[in-house]
Amino acid sequence: MSTRTAFSPGTVPLRGAAPTDLQARALRDLGRTGRWRPAEALFWLAALASFFFLPDQHLLLTEVVILGLFALSLDLVLGYAGIVSLGHGAFFGLGAYVAGLVSIHLTGEPLTGLLLGGLAAGVLGFATAPLLLLRASDLTRLMVTLGIAMLLYEAANKAAWLTGGADGLQGVWIDPLFGRFEFDLFGTTAYGYALAVTFLLFLIARRIVTSPYGLSLRAIRDNALRANTIGVPVGRRLVAIYTLSALYAGIAGALLAQTTMFVSLDVLAFHRSADVLLVLVLGGVGYLYGGLIGAIVFKLLQDVFSTITPEYWMFWIGLVLVVIVLIGRDRINAAPLALWHRIRGGAK
Amino acid sequence: MSTATTTTRDPALMLTILIDGIAYGMLLFVLASGLAVTLGLMNFINLAHGAFALMGGYATALLMNRAGLPFLATLPFAFLVPALIGAVAERTLYVRLYRRPHLDQVLFSIGLVFMAVTAADWLFGSQQQLITLPAWLQGRFELAGVAIGRYRAFLILVCAALVVGLQFVLTRTRFGARLRAAVDDQRAARGLGINVGVIFASTFAVGSGLAGLGGALGVEILGMDPTFPLKFMVYFLIVVTVGGTAGLTGPFLAALIIGVADVAGKYYAPELGAFMIYLLMIVILILRPQGLIAR
Amino acid sequence: MKRRDVLVGAMLAATTMATGLPALAGGEPLKVGLILPMSGPFASTGREIEAAAKLYVAEHGAEVAGREIELVVKDDAGVADTTKRLAQELIVRDKAEVIAGFGLTPLALAAAPLATRAKVPEIVMAAATSSITEQSPFVTRTSYTTPQVTSKIAEWAKANGISRVVTLVSDYGPGIDAEKTFAQVFDDLGGEVVDSLRVPLANPDFAPFLQKVADLKPDAVFVFVPSGVGAPFMKQFVERGLDKSGIKLIADGGVTDDDILNSMGDPALVAITGFHYSAAHDSEANKAFVEAFQKANPGMRPNFMAVGGYDGMALLYQALEKTGGDSDGTALIEAMKGLSWESPRGPVSIDPETRDIVQNVYMRRVERGADGELWNVEFETFEAVKDPAKSGS
Amino acid sequence: MSAALRTIALEKRFGGLVATNKVDFTLEHGARHALIGPNGAGKTTFVNLLTGVLPATAGQVLLDGEDVTRLSQQRRARRGLGRTFQINQLFPAMTPVESVGLAVSERMGGGADFWRSLGARRDIIGEVLDLLERFRLIDVMDHPTARLAYGKQRLLELAVALAGNPRVLLLDEPAAGVPEAERRELLDTLAALPSDVSILLIEHDMDLVFSFADRITVLVNGTHFAEGTPGDVMKDPRVREVYLGEEEHA
């Protein structure tokens, strides 16, 4: 089959020749999503700067970064494959518990726990992915994923001999990173660690979503029927991305367990799954930064509002959400871009 | 733990448990029926549904405890207050979001939940709202050897009447026909001279009112505090998803199945306890991904 | 708190750090991080404690031993990792020298390792699992422990003609703690626990469990459920006619939480509870406390959470007086050991061995008072009870 | 030598309703074959059975002599069965280069590559551009599909199908909804489709059928009703009665 060609070469030059204008244009379009934009560099530089210039905020920032990574993991399935999940907390929580248990029973070395936490979540993702392939509506997927997460929560509650039940897992202790950097009270090591892991995972995710595989995911999200008829193995691709997403969520959970050195049932609770969906939708779906930006906005709002009013901060968050939707997320998301274009236009 | 784990298979007892389960299921249905309409028929994900139940529950609790109204007299308010607020919210807020993506609807309605929860907390405090039922609804009576809680029997009667009424309105009345037309194809319905806006607003109002009534009826059994909308959101969604989005029959069946299975499960297999409802949901959805009664 | 003071404090702190000199006592305000669930399902816990702690400061003045006390209230919404982060921020960023509050066991446990590392006293004002004080030498407690109360309920039950009991608890840490303690003590005394039922936390319909209790026909059912869930339980207990069938309802005092007891109505009259605090406790100190609390917080009645918060502040004030204003963590916690005072709940002290509270446990029944309201009326007292899980009794 | 595509007694029932009634059908290699029939004749069901969207109740589908009756859509596609859709089935958020590039890379087995960007794949670009050129999409190749003119979208529909390098191509009403001004362009492209691809055209538009097909099959009520050259079919009085007659009235 591969020996047949649909067309004899026509007006367009053969491969191997120097790229023509047309080829260059086509290649540019194909590589479009993979090219780094100035705003992206700016974003990560700002993240790096926060490590050096905001030492007082490292603890909060660690939480932001972990939530951001968790939301990024959800973006992989929601934004790139169109699968909604209200049970992503299952993977986050499993990663957290595994990382915690590894530190107690195996080794306090952080990277081992991180990896095992991620792997365990990935395995769970792989095992439960077929449930998502049911011919079902978004609502059904939402509830099946939620059901799985709730079962895991109850299981962790029941298995108190292993998990500590409702009291939480006691005795988590993480050794210094690379044997050198102790996890200090200021949260500096923790923030650097979480930030580096998140950046690395982001790079990998970015590479993946701009690859042919990523393109096929976008095709599935856009039109699964057509993707099927051009020979994309839809089921396998979805299982793969769901597994990867679960692994990411597990690593986010492991990061939380390691940086706080504590795991409680909260990591599996319903609000974990709901919050991450909220954060991702808030930041915008399908461009990888949505989760990170949503996490920053959400956590900062929460921190500011709850400092002003520890009792009623939720009201103001709610109001912000309602207003954002009423104004339109598109318009808000477009605003920084428009501003950027104006700045660049003005500079020329 | 010892001897008594062997439970009696006494038929009268099983009937008692069945009736408890049906009452619980009926209550769930009334609470979720409005969501079944907005989500199933109008295709709008309204996570704030529980907020209307909250209003109903608080209307009853406050009118009883502060104004001294009798229980039954508060129920019309428990329906009307959320219905009115629902109608206003529908016309001013929800109406802008019908055509928006589901994720926008989720974000918007969860925002409303947050606001409702904190508003209730701010206005009335964070503690449980409790009511005292009139004497004729307290205690139990025996019917052919089966012990039945008076309040549970009352719940079953009221909810059954509501179910019959709803089904009648939806399938047998002009309003029901218009609603179905408006839901199926808004443009065509407008062409037929149906005022889709009014239909949607009144449907939304009735759905909210029913949630409020459910909240009021549930104060005694489910409790009522500001976090009610968050705590029970999942239950409403389970009822609607398991039931299917074709109409009200599916959610009704689903609510009954869940109610009975939950109560019976806790009695006969307590170690499964909290797993029951989720296991049941997953199994049903694997077997019938579109819910019990699909469109 | 005036802005100028913050500036001065910050400058002082900066100088201290720059020069490496030990902090000088006196003049400098002492920050107390009060971490509580102020939102979410456990918000009422946080509200009671905050109100009581503030009341104590208002009554006794913001200054003690030359140090100005500044309460910084943070909401953790009952989520453990948030508690931990807030505690850490308070300690390293805001330079809080005492952390307090902790509405639930996992929240207190999450912060315990921090207390050890930072050498900052952690005053637990609510969480009741016995093991919390063992997690760090800097943890002390002014609430109660579940075994402390439950063991006395079991003793009272056996002494009052109850020999067959079904336990019914919420399926979470404290509930299971209570179930085990009751079974153990009751068994040792020769009683029989016929069955142990665990109710999922998430679902408050007790019908199937109560049906089971009815089938088993015990002399009494022992109940431990979180505050707020007690009311529906008692109602369904009465609805099923269990009270008339001769089954007694004995419970941890959380079931008849003072905060909402009055709105529970007549069903609450069936409960016999054991607890360390009743708003109806007959003493001058308590009358003054209840009156002041209700004046400052209309519509609220102080409950066991409130008294935990109030006594937590009392403990801190006395310890500071003992150290002469020295807020060094080790000095403070040492000063707290063995302190005793007259609390609204009755005489209390801090066990120097375990840093846990030693207090009276009262048996109470619900009665309608002269004012027409429902109150927990004490009728029997077990004096100076230590946490049995740690004192080995 | 076996036919490019063949069905033997192919049958589909929905409950008691027979949508496809024991159809025997043969598509020869290199054929330009049209399938016509009045509305509700079961053309769409038949196509869905061929491509595997619906499972057959009974009978067989043979692709180049190989039984593919039990294979999924995607596996049939990989074996060289391509199709276009009556209603555009495109990837609205992707550009024509991406859509065609994806189809080409999937065919070459590069779809599971999760590391190298397509932008680095010089080896496929010649073929992609060739297709875009052939279907007159070069000018708009880096525009989002959702913003293309309808006629261009119809062309992209064809280009994506062709990119899979099919041996058999099913065209489901390719001219449906295309405005008159863009119609010529479409017909030209259809006429220029490579001759070694066997094509089954499902169409209402008789002008297009007669200008394109060298053989016509008529489907009525899910049954193979008549077959022959355009001339034969046109002369067949039964066909004129059930179909062409009806068409004239319409």
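Letters A, B, C and D mark the chains as written, and numbering starts fresh at 1 in each.
In the analysis below, a contact is a pair of C-beta atoms (placed from the backbone, for glycine too) under 8 Å apart; a residue touches a chain by one contact, two chains touch by 3 or more.
Which chain is which protein? Per UniProt: A = Branched-chain amino acid ABC transporter permease; C = ABC transporter substrate-binding protein; D = ABC transporter ATP-binding protein.
Keep in mind it's a predicted model, so treat the numbers as computed, not measured.
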If you tally contacts for every chain pair, which pair is highest? A-D
Distance-to-centre winner among chains (Cα means, whole assembly as reference): A
Average the CA atoms of each chain to get its centre, and name the chain whose centre is farthest from that of subunit B. D
Any idea how many Å lie between the Cα centroids of subunit C and subunit D? 74
Where the CA atoms of subunit B average out and where those of subunit C average out, how many Å apart are those spots? 36
Determine the centre-to-centre distance between subunit A and subunit D, using the mean Cα coordinates as centres, and give it in whole Å. 40
What's the distance between the Cα centroids of subunit B and subunit D, rounded to whole Å? 49
Residues of subunit A that touch two or more other chains sit at 154, 157, 271, 311-314
Can you list the residues of subunit B that touch 2 or more other chains? 118, 121, 273-274
Two or more other chains in contact with one residue: find those residues in subunit D. none
Pairwise chain contacts, counting only pairs that touch as defined: A-B, A-C, A-D, B-C
Which residues of subunit C touch subunit A in their complex? 36, 38-39, 43, 46-47, 73-75, 79-82, 84-85, 88-89, 91-93, 105-106, 109-110, 113-114, 117-118, 129, 131, 135, 171-174, 176, 200
Would you pull the subunit C residues touching subunit B in the complex into a rising list? 39-41, 43-44, 47, 171, 192-205, 207-209, 211-212, 215-216, 228-229, 231-232, 235-236, 238-241, 259-260, 263-266, 299-300
Enumerate the contact residues on subunit B facing subunit A in the complex. 39, 45, 93, 96-97, 100, 102-104, 106-108, 110-119, 121-122, 230, 234, 237-238, 240-242, 245, 273-275, 278-279, 281-282, 285-286, 289-291
Which residues of subunit D touch subunit A in the complex? 51, 53, 72-74, 77-80, 82-83, 85, 89-95, 97-99, 101-103, 105-108, 110-123, 125-134, 138, 141-142, 160-165, 167, 194, 196-197
Enumerate the contact residues on subunit A facing subunit B in the complex. 84, 131, 134-140, 142-144, 146-148, 150-151, 154, 157, 270-271, 274, 277-278, 281-282, 285, 311-315, 317-322, 324-326, 329
